[in-house]
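By letter and in written order, the chains are A, B, C, D, E and F; residue numbering begins at 1 in each of them.
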Amino acid sequence: MRLLLINPNMTQTMTDSLAQVARSVAGPEVAITALTASKGFPYIASRAEAQIAGGIVLEMIAAHQQEADAVIIAAFGDPGLIAARELFDLPVIGMAEAAVMSAAMLGERFAIVTFSPHMARWYADSVRLTGLNSRFTGVRCPDTPPNSVANVATELRNELIALAAKATDTDGADVVILGGAPLAGLAPQIADSTSGILVDPIAAATAQAIALASLKPCFRNRNAPPAAKTSTGLEPELTAHIAGENR
Amino acid sequence: MRLLLINPNMTQTMTDSLAQVARSVAGPEVAITALTASKGFPYIASRAEAQIAGGIVLEMIAAHQQEADAVIIAAFGDPGLIAARELFDLPVIGMAEAAVMSAAMLGERFAIVTFSPHMARWYADSVRLTGLNSRFTGVRCPDTPPNSVANVATELRNELIALAAKATDTDGADVVILGGAPLAGLAPQIADSTSGILVDPIAAATAQAIALASLKPCFRNRNAPPAAKTSTGLEPELTAHIAGENR
Amino acid sequence: MRLLLINPNMTQTMTDSLAQVARSVAGPEVAITALTASKGFPYIASRAEAQIAGGIVLEMIAAHQQEADAVIIAAFGDPGLIAARELFDLPVIGMAEAAVMSAAMLGERFAIVTFSPHMARWYADSVRLTGLNSRFTGVRCPDTPPNSVANVATELRNELIALAAKATDTDGADVVILGGAPLAGLAPQIADSTSGILVDPIAAATAQAIALASLKPCFRNRNAPPAAKTSTGLEPELTAHIAGENR
Amino acid sequence: MRLLLINPNMTQTMTDSLAQVARSVAGPEVAITALTASKGFPYIASRAEAQIAGGIVLEMIAAHQQEADAVIIAAFGDPGLIAARELFDLPVIGMAEAAVMSAAMLGERFAIVTFSPHMARWYADSVRLTGLNSRFTGVRCPDTPPNSVANVATELRNELIALAAKATDTDGADVVILGGAPLAGLAPQIADSTSGILVDPIAAATAQAIALASLKPCFRNRNAPPAAKTSTGLEPELTAHIAGENR
Amino acid sequence: MRLLLINPNMTQTMTDSLAQVARSVAGPEVAITALTASKGFPYIASRAEAQIAGGIVLEMIAAHQQEADAVIIAAFGDPGLIAARELFDLPVIGMAEAAVMSAAMLGERFAIVTFSPHMARWYADSVRLTGLNSRFTGVRCPDTPPNSVANVATELRNELIALAAKATDTDGADVVILGGAPLAGLAPQIADSTSGILVDPIAAATAQAIALASLKPCFRNRNAPPAAKTSTGLEPELTAHIAGENR
Amino acid sequence: MRLLLINPNMTQTMTDSLAQVARSVAGPEVAITALTASKGFPYIASRAEAQIAGGIVLEMIAAHQQEADAVIIAAFGDPGLIAARELFDLPVIGMAEAAVMSAAMLGERFAIVTFSPHMARWYADSVRLTGLNSRFTGVRCPDTPPNSVANVATELRNELIALAAKATDTDGADVVILGGAPLAGLAPQIADSTSGILVDPIAAATAQAIALASLKPCFRNRNAPPAAKTSTGLEPELTAHIAGENR
């Protein structure tokens, strides 16, 4: 099985840590190609940036879809997810959606714990987009953003543990999603000292990509795919795909 | 007052007809600058296309924001609306949202009547995005798409009138939104023979842009605008705006 | 254009300050007739009072509808709004609904800040009635009611600014509606020192009345207007209108 | 136990038939005082009429509250219900609400079957007002209104039975509410030949009024009753009650 | 009239106190048979226990249905309620549902006050199951569970009064449900010193059982009862009932 | 990895066909133990039967939990799912929930197609329980139940294909879940001739069980597990588990 892990952010070190977690979950039989965006932003942190990054995601998938059985959009707000599902005939997994769906099968209510208030509203909107808001107890995050996102997993370790306790004890969450790429791989390190069942979004996205690919879904007769269409100013592979050339 | 009317579609004739309706509603005291996308698609008809067009909308606003007191995104699915509101310090109006909000003040329940089943789901999602789904009776459209969108207003005139009757009599709508740029200007022509109160989205968007601009809203202290940020591969004006240069 | 501004409260000074704001938004080309209720209550502050005032609103519209292109019900809980829309063939704007709809086009989430806990629940219900509850972050108000509503705008100025900060920073509101007739005109005075985008309900209602009137909506074929009917004990103009005499 | 049955309609024969059903449910130990409105409309059939009738209901309760342990508002749309609960310190039951709550305890989903399309939307709104919309399968009614409401129970008997079958078999309702005062007393007559569990709103309202009165609820410390207030132009008993004289 | 009061808990003293309250509400004309579970748990406190207790409830109803005009499931989470309604042709009342429905007719919003955080989530789910979540202000309970449930009504009396004040003053509840069998009978004792309108679930369930039985609902033609079916390992009366023997 | 596949129905042939599909999805590295209920019903078809079967599921899991890394409850209505999650410290997957969550990651909207109207409401309730109702287009099923469930997959093949077409073309579903154990394994056989993306619930449940087990979730610190408790009349292993002996 081959997975395409697409990081819409331009930070290679982030891609590396995401790919490392993904490979540890997927095991040796699954080949994972990890790509980093060559346009856009170092780290997406707003819906405006996600609007732009979503278009870049479509370009990256168009250029590499032949190499994959499923695609992972490896940024928490799932930029371009709905558009990618509309355009491409293979499973496309969003990190936020996969974390939410997995959390909803591990417990009744789930929370998101993250490292910065800047992301709180966007993450909450990602949950609403999944339709599972009724089982969501909310985002818990520090009151102030960190100076750098580079080392939040280690620097904020104790605060994140305390936030997870608030999410379970005060908000009634059964499952705690550790949201945001910089927290990739943290879950198993703090599971023993953290309340609730922890979910790592990239791990969940990888497991879900494998699960959906293993179902070998047939996209041939799917409902209302976009009609082939000419476009102007897009990257050649996306232009060709939208023009219906490789469908 | 100066309004910026942005057509994310690349079809100039569409821009012209939208601008004509907008000017007839706005009257002589309002200056309307109408722009047509120079990238993207002749006519956006899917969420995938809207994902890409939304980024183009941000570029167009960034390049022309200094010339306007309010911006109209003149495509029914409101591509880029949320992102634009996040980025720019002036009222940004979406054609679908403005039509829905206006309809909700003219009656209790509203419907959308449009010319093609291709648009039905996307339009329904535009309503859900506004949060007013509970007052929405649904989309009524022909069973088959037209061969060309150019003349649907005249060719489908009688069918659209019949669909509006279904929306009011069967679905219980008080207000009928004529959705889709190709229907711009149709409402007053068929009002006498159509049941329900008709709303023309571009007319509603223009009236709402003027209304919000007349409130002179102060954006200076607004909540959590995106932090200034470097980006790669975007148009210069948008790059500069996101970098915080003209804020 | 002619607007009818109906104050269902019996306090003339309140009507005067509402009309002053309305005229400043509408400009010289719009004629505004401001009426004060001659029955009912000095200041409506409960749903029981709104039930009674709503009937008085219908009487006032019936007596003056010929003089107007649109009607503003100038009390925050929108007494009689749904009934008035059912009875009269012109746009009827509620102050709360217009503020909510305008707020929802200026930002994603909105709050109401008001001067007394007595109004909090009723105001929250006004939002629910619009259907936009999912974008509403709640009412923020002082813990105790003021001794008099006469000067709350000046006496509570600092507390209202602090409440707006709570609404944006804690509750995540983008837009803050200053609810209640006694706060009419306050928004521009405190905008510089208040967080969030401020909306003045009477200003919003005026702008929306002009916007909807400018759409020249056709009510001729509207859905299920009440059948003409005889009544007993109502004011003569309302009796005549319900009897279908001037339809 | 003493019940006050208030018919906000001016039709005495309707009051008589409602009282007859109420007494048959209540049995000899319960004294029922049945009152007919002396103002308003022969038969309320719109929200505009309900707005006015709701004020009349308040006047009737104010004039007779001393004679009752509970009050029944005997019109399906529950005119004045929320306002009456706010003003008076005894259980106030609405015919629609009582029918809905009773239906929701007899089965999982409930429908309303009524005799005229004119009432369909208003009845649906009465259900939404209760908050139980999620268990409501909708209103089933004839396509055209009857010439007179006087004898619908007998003239439309077979059609009503057929509509109930649609409500259960097509819409999945377990319980069928026979909505509208003209259908009072019909349920037991057609139960054998009608699918679903039938609920007669006036019977349900009577049973609920007795149930709530038997709980002897204490209103002394209730939350935020309206402050005593002077008013102008209301009936003397209501004026006195709102002024706090008999509280 | 004959009511069957089924306590799915194995604690006889609890059954006795529930029956005492039920009889005081029902009066001498209503015969109440009170049964205690002979299997399961001393006191149900989780959904897992409710899953098992629900099956026991079905066995108890099957064994005694001939003796009753209505059945009360006398445990707050209403174990087995939906299943029992599906199987048996008489009104089945759940203590939580009856309390919620009664509360919703006494005021606009209701809260639950209970004696232990262990029950909070389960009780909140019981409300959601009724569909009336939109009128529910939440559960208020002590931060820590009691050592024994035996005497919580007396030992926690003052804390429960304080929690009710929070529910009304902070959360905006009009009605306060005292949730949990150990609080049966407490309401009238503390009504004078407690804010809000108090509802005792077993009293409400008894009043609702009488109300629904007095409607003499006809179950003969109800929608989609389960087909007769053979089963293995169930109690004989339930086996016989499911096999359709006494239908 | 070891999966426990629990069939709450007593039909061994059904267990065999479910296990066959599960093994084909899981591959040789996953050991699947398939168990058939020895109590209860040949085939669960109502919520009453699910209430009882849910307790049996708990007994079966308690007796075999040591042999598994995850549990599949292999009946579409997910009997006992919530209770099992509360009691046991390993992933518990419901067939309906897993199908719904998988469908929601393959497309935007999903439908259920099944073989009998008897199951329609129960299946719809299973979806509501997941919280994903807003993405559900409803159940499509034949108008009449089959004489036997044994061969519905072959006998109704063409009708099921036609129902899937209705679900996609009329209802707007992207994904079609083939609901009910008798349809296990049908999806790949008809995918070429069926519109929409097909999901086989047992295949989805198997893929999800593997996905969640591969996340190695830590249940040690989970929120509010039921306290250890004595019980009466339950199977020994469940009694011991509830008593906390093997925790």
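Throughout what follows, a contact is a pair of C-beta atoms (placed from the backbone, for glycine too) under 8 Å apart; a residue touches a chain by one contact, two chains touch by 3 or more.
Small disclaimer: the values here were computed from a predicted structure and weren't measured.
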item: Chain pair among A-B, A-F or E-F whose interface repeats that of B-C, sharing over half of the contact pairs by residue number; value: A-F
item: E-F or A-F - the one linked by more C-beta pairs in contact; value: A-F
item: Intercentroid distance (Cα basis), chain E paired with chain D, Å; value: 26
item: Interchain centroid distance [CA atoms averaged], chain C/chain E, Å; value: 44
item: Residues of chain C engaged with two or more neighbouring chains; value: 82, 121, 172
item: Touching residues (chain side chain A, partner chain B) in the complex; value: 10, 38-42, 45-52, 54-55, 58, 80, 82-84, 86-87, 118, 121, 224, 226-227, 229-234, 242
item: Chain E residues within the chain D interface of the complex; value: 25, 82, 85, 91, 93, 97-98, 101-102, 104-108, 130-135, 168-169, 172-174, 188, 191-192, 194-200, 203-204, 207-208, 210-212, 214-223
